[in-house]
Amino acid sequence: MSVLFWGLAVVLVASAMWTIMASKPVYSVVALLANFFALAVLYLTLSAEFLAMIQLIVYSGAILVLFLFVIAMLSSGVASFSVGPNRLPRIAVPAVLLVLIALGLVVVGIFMPHPAPLPLAGAAVNAGAVGDANVFGSVADFGRALFTTYLLPFEVTALILMVAVIGVIVLAGEHAPYVGTPRRAEEVRKSLREAIAREGD
Amino acid sequence: MMLLLALLVPLAGAIACWALGPWLRNLAGWLATAAVGISFVATLLLWGAATQPGGVHLALFSWMSGFDFGLTLDPLSLLWALIITGVGFLIHLYSIGYMHGDRAFARFFAYMNFFIFAMMLLVLSDNWVGLLVGWGLVGLASYFLIGFWFERRSAVAAARKAFILNVIGDVGIMFAIFLIVANVHSIRFADTFAASATFGAPLLYAICAGLFIGAAAKSAQVPLHTWLPDAMEGPTPVSALIHAATMVTAGVYLVARCAPLWSHSPRAQMLVGTIGALTAIVGAILGTAQWDIKRILAYSTMSQIGYMIMGVGVGAYAGGVAHFFTHAFFKAQLFLASGLIIHALHNEQDVRKMGGLRARTPLAFWAILVGVLAICGIPGFSGFFSKDQIIQGVLENGHPWMYGVGLLTAGITAYYMFRLFFITFLGEYRGNVDPAQLGMAPEAVGAEVAHEPASTGSGEAHAPAWVMNLPVALLIVPSVLAGWLLFSTDGASSPWSRFFAAQFPTAAQASAAAVPEWATALIALGVVLAGIGVAVARYATRSAQANAVARLRDESLRMPKLLVNAFYVDTLIDGVFVRGARLLGSLFGRILDPHVIDGAVRGVAASAVGFGVLVRALQSGLVRAYALVIVLGVGCFLAYYVFGIPR
Amino acid sequence: MTPGLLPMPLVDYLALSAVMFFIGVTGVIVRRNPLVMLMSIELMFNAANLLFVAYARAWLNDAGHIFAFLVITVAAAEAAIALAIVVIAFRASKNVDVDEASALRG
Amino acid sequence: MLVLVLILLPLIAGALLFLLPRDDVAMSKSVGAVAAAAVLVLAVAERGESWAWRWFSHPFIAEIHFGATYLSHWLVVLLALCTLCAVLASNVPRTRNMIAALLLLEGTMAGLFLARDLLVFALFWDAMLLPVFFVLIGWAEHPATAWRYFTYNFAGGLTLLLAVAAFGALYGSTDVIGNPAYHAIASAWAPWMLAGFAFAFLVKTPVWPFHTWMPQTYEETPAPMVAVVSAVQSKAGLYGFIAIAFALFPSYFRQEAPILIVLAVISMLYGALVALVQADAKRVVAYSSLSHLGLIVLAIASQNPLALSGALVYIVAHGLFSAALFLVLGYVEEREETRSLARLGGLGWANPRLTGVFCITALAALGLPGLAGFVGELIILIGVYQAGLVWAAILALVAVVLASAYMLRLLQGATNGAEVPDLPVRRDLTLLEGLAVAPLLAALLYFGVYPHALLVLMR
């Protein structure tokens, strides 16, 4: 078991690193795909069957394809997009340092001795919601929970998706209210400056 | 009840004249006169009760404990009340003629009646606050009447000056009231006087000084006198009633009323006596330099009140009060008679443009002659008795230098009053002479012409002559005779002394004076005759009459600047206080307020803006920078949980 | 496997998730290509999901699964909207660089 | 319950006014006048325990508790009277909105004076800024004036709120106004709370040097509104000093009183001197207000019972004469179409009735004996003298002299002088205009002669 876990861990970290370091966005997508697959397997080891499926279908099937579409679309219009701006900015070094420090803190926090050990299975953390270990994570079990106890969050999901749909239509539709170009940005900046100057009087 | 009637009828008259003025028209004058007449009669009916020990007392109402209001009538207030209503009645009558045809005829009588009310309140009150209310209202009435012709700039300014100087006086009395209430816990005179023996000398002096500031402002004592000459901007009857006979003597009343306080404070006596003497001589000296007939009389009023104040100040209460009594008659008469002249000459007030008026205004001639004789203290006329009594009283109370000042002032008075008389009535009529020939400054000419515009050319055509002549004629009688009340062979048993026996019991302590009374009278007569002699030599001789025009011109041009500008007191007050206050006000209002205080507020606002500008740099608009900041925050958060907070 | 028992100690999952999460953070901060930044964000989401699932298993509680499901939904919505913004923001631009889009600068 | 009526009636009436047609002046005036008159009648007729009303009580949740002390009773009566007069005198463009604002101001200020809970007090404190703010937005010559008014006073409201919050946190209850149990507070935070309260009150009153918002606000607010603001809203600060600062923190108040005394004396002289040179008639009155209110602050700071009872007299008197003065100045401005003292003049012949009213008002303002202002002045200063502040009493007397100087300058400047042949409006005081100021003047005269009813403290 631990072999599988550590193997997946190596794949996950490596693909994540590749994702953020790839020179072309398409490579990033591929790396991310690998990452998601590894994650789905990890979910299976944690007996989250339904989520593993969702992970593959939604993330790999829908979101990453969306990314690919956008890359393809922008590549046709923007000459340099295929390469992408990959110069490392000045803040990269301190940023990475900062991130590493934060990571270090987390790791220290994880492995440092805790006064009270984390309660594991058997401890009645939330008695009402503790399921049967044999069927835990199965699609049926998940479905029952989703449509009984967690019906409201499920409905809210629908709302969120609807908002997203409307948002996309508004943003990318025929009459998009705001097109962010540098010139437009300069205009907005100018009008903001004027407004601030008026307020200051 | 009668007392309340005497007090309130003039108020009712004032309200009626003010509210119903447009409908009453000329009736307003008669209504107002009748109101004063009723008040006079009511006061007279109380004579018997008032001269009893304790007098008449009427409790009215109370604000709170210690603040009880009431009216009282004792010989002192009886005398004042009779003069106010009596002389006031005659002057009201006179005004019906004098003000005839004025646009604001009814308003004038409203003010006059209001004045009588305020003055009655002043003298009838049995407490400090009532006195102060009367005091302030009298000042207000005076303000209204001086500024009666309010379309004239000079009248408006004079009214304001009078009011503000009077407020300074009010404030002095207020200060005295603080001291009194803090120590006596009552505002009644009686309680105050009863407790006065327990006051320490400094407290007593402070009270007296505060009261005297009030007296000095109201009675035009140096250096608060500058409003009185300017007050002649009012109609002549006003000058007669307020600025000669009644209001200006309120200071005398106050000092006499507070005799128990002053008697215990020699320092206060010295202060009051000194100011009185100074005023007497300063007024007299300035009187010699005036050309406006009313201003001459105004300075003479100031000088005569100086006498009274000097008298009551040093303890010669009976003399000072007596001089008020006689002065009220002859000064009112002098003013009214000069009003006759002014009226007849179409508002000419400059004596240089008069001359030879004996035939034109015979009544004025006789009235002014009697008045002048009375004010100079010619034996037999009223002024002689009262003035002598003051001068002698001053000496008896141990102030020889005031005695000297009093005598000297008598001489100067005789000079300038006869100067007025001679220039006005002798020689040729100079009304048609070019003003420049008489040494009158051109701008002054313009100002003189503008005088008393409202009654121009309307008076003699319609008003019955007798309403103006009768009061003048009637006043001649007391001007001559009033003084005889003081006459007695042994001084103590005159009707006057008997009348005031209860009021001023300390008068009997008269120490043996260095100069007997008959000698004082002779010396005074001598000085007066000398003064008259100078006046005769300068204005009445045949040669002086012959080239009067040239002489007057000479005198006008050579008049010392110091006298023309009245010792620069006005200039000084204006320069130091008025300009000083304005300067400070401008400094505060134009610089401190908008720049310093608001500047500080703006500084606070600017620092907020500055902080915003500072923080604005963080708002880079770069998504990644925001992400970095979020990471920073997460890091801090993690550090908090990992390491905990240091305790 | 034994019900309620994890295949590995919980801290291992925690550590793995933390590493993935901070790789995602680094990507957001360092990269200027908006698409790569968005993908880094997806990485962070997934790191969080991993923890949800691990804890759900440890405590035998469905809530973790449900929450992971919600996160996936939100991620989908977010991706849709973010990509729409990217499209309109850079449609007319010659260069794809988030540092160019700084209209919100104060 | 009555107390609620006093607060809600004007608020509701004010809100309902907006339902009327915009240009129906007569209708909105009569509705406004009826509402204001009803409040006045109720306020005068009813007093005592029936005033108290409370809603719910819970540990440290503000209690909706209203009630009246004798001070707030008089302030509400004054408020109702001034509002009634202002409604009657309203003669501005968009009269309906002005009257609505006046009624809303009345409701919020009644709530302020009747609140027994500090949090409710703080709520109304900010609420009463709004009607004035919107009137300034709508009518002032410069919109900046409105912001200035709001910013200054809201800053005060903020410190007030902080102080109230601290008070509630420390003592568990904010239902303390007029509650004698809470008067001996000892805490390290008490001076800070006192400072927070005092700042709000100093700005609102205002006291030098927190006054700079006032002249501009008074100058640009239309006459009816500024009459109520200067007459009653300025009293909110004084009420706060008496009912909160003095009542809740007596020992700290005593300790810090010298600062207040110095500021009050500076206000008196400063206001008087600046009033002496102002070119604008309304600014003269504004600065005179600074001077007069300084006298009341001095009375409160002296903590002498006589001075405090005089302060009540003067609070009422100042309310009456400043309301009358601003209304009269409004009439004058309508007729001469200017407020500049250099150009005013000559009303004496053209408008004798107006001149008479102006005269009485100005005389009341300068403390003429026989009118209420004088009574207040005299009693306050006797008290101040008794409290041992001789120098303050003497400087106050200087301010009295200066008051007569600037008031006469104003009065004479407007009414005296040659008749103006081409006065824009020749109409003398109309009956309605006269009715609007008559009650104020009558009350001034009544209390000037017989202030017995106001001297409650000394009985």
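A, B, C and D are the chain letters, set down in written order, and residue numbers restart from 1 in every chain.
Convention: a contact is a pair of C-beta atoms (placed from the backbone, for glycine too) under 8 Å apart; a residue touches a chain by one contact, two chains touch by 3 or more.
The structure presented is a predicted model; accordingly, all values stated were derived computationally and were not measured.
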Touching both chain C and chain D (chains): B
Pair exhibiting more inter-chain C-beta contacts, B-C or A-B: B-C
Approximate Å spacing (C-alpha centroids) for the pair chain A, chain B: 96
Chain A-chain D separation of Cα centroids, rounded to whole Å: 63
Chain B-chain D separation of Cα centroids, rounded to whole Å: 37
Touching two or more other chains - residues of chain C: 25, 29-30, 32, 99, 101-103, 105
Junction residues of chain A - those touching two or more other chains: 89, 91, 95, 99, 102, 106
Pairwise touch network: line, ring, star, complete, or other: other
Interchain contacts, given as pairs of chains that touch: A-B, A-C, B-C, B-D
Contacting residues of chain A [partner chain B, same complex]: 89, 91, 95, 98-99, 101-102, 105-106, 108-109, 112, 200
Touch list for chain B against partner chain D, complex: 18, 61-65, 103, 107, 129, 132-137, 140, 143, 147, 150-151, 153, 156, 159-160, 163-164, 167-168, 170-171, 174-175, 177-179, 181-182, 581-582, 584-586, 588-589, 593-594, 597-598, 600-601
Chain B residues within the chain C interface of the complex: 615-624, 627-628, 631
Touching residues on chain C, where the partner in the complex is chain B: 25, 28-30, 32, 37, 98-99, 101-106
In the complex, chain A residues that touch chain C: 1-2, 4-5, 9, 12-13, 16-17, 19-20, 22, 25, 28-29, 32, 35-36, 39, 42-43, 45-48, 50-51, 54-55, 58-59, 62-63, 66-67, 70-71, 73-74, 77-81, 84-89, 91-92, 95-96, 99-100, 102-103, 106-107, 110-111, 118-122, 125-126, 129-134, 136-137, 141-142, 145-146, 149-150, 153, 156-157, 160-161, 163-165, 167-168, 171-172, 176, 178-182, 184-185, 188-189
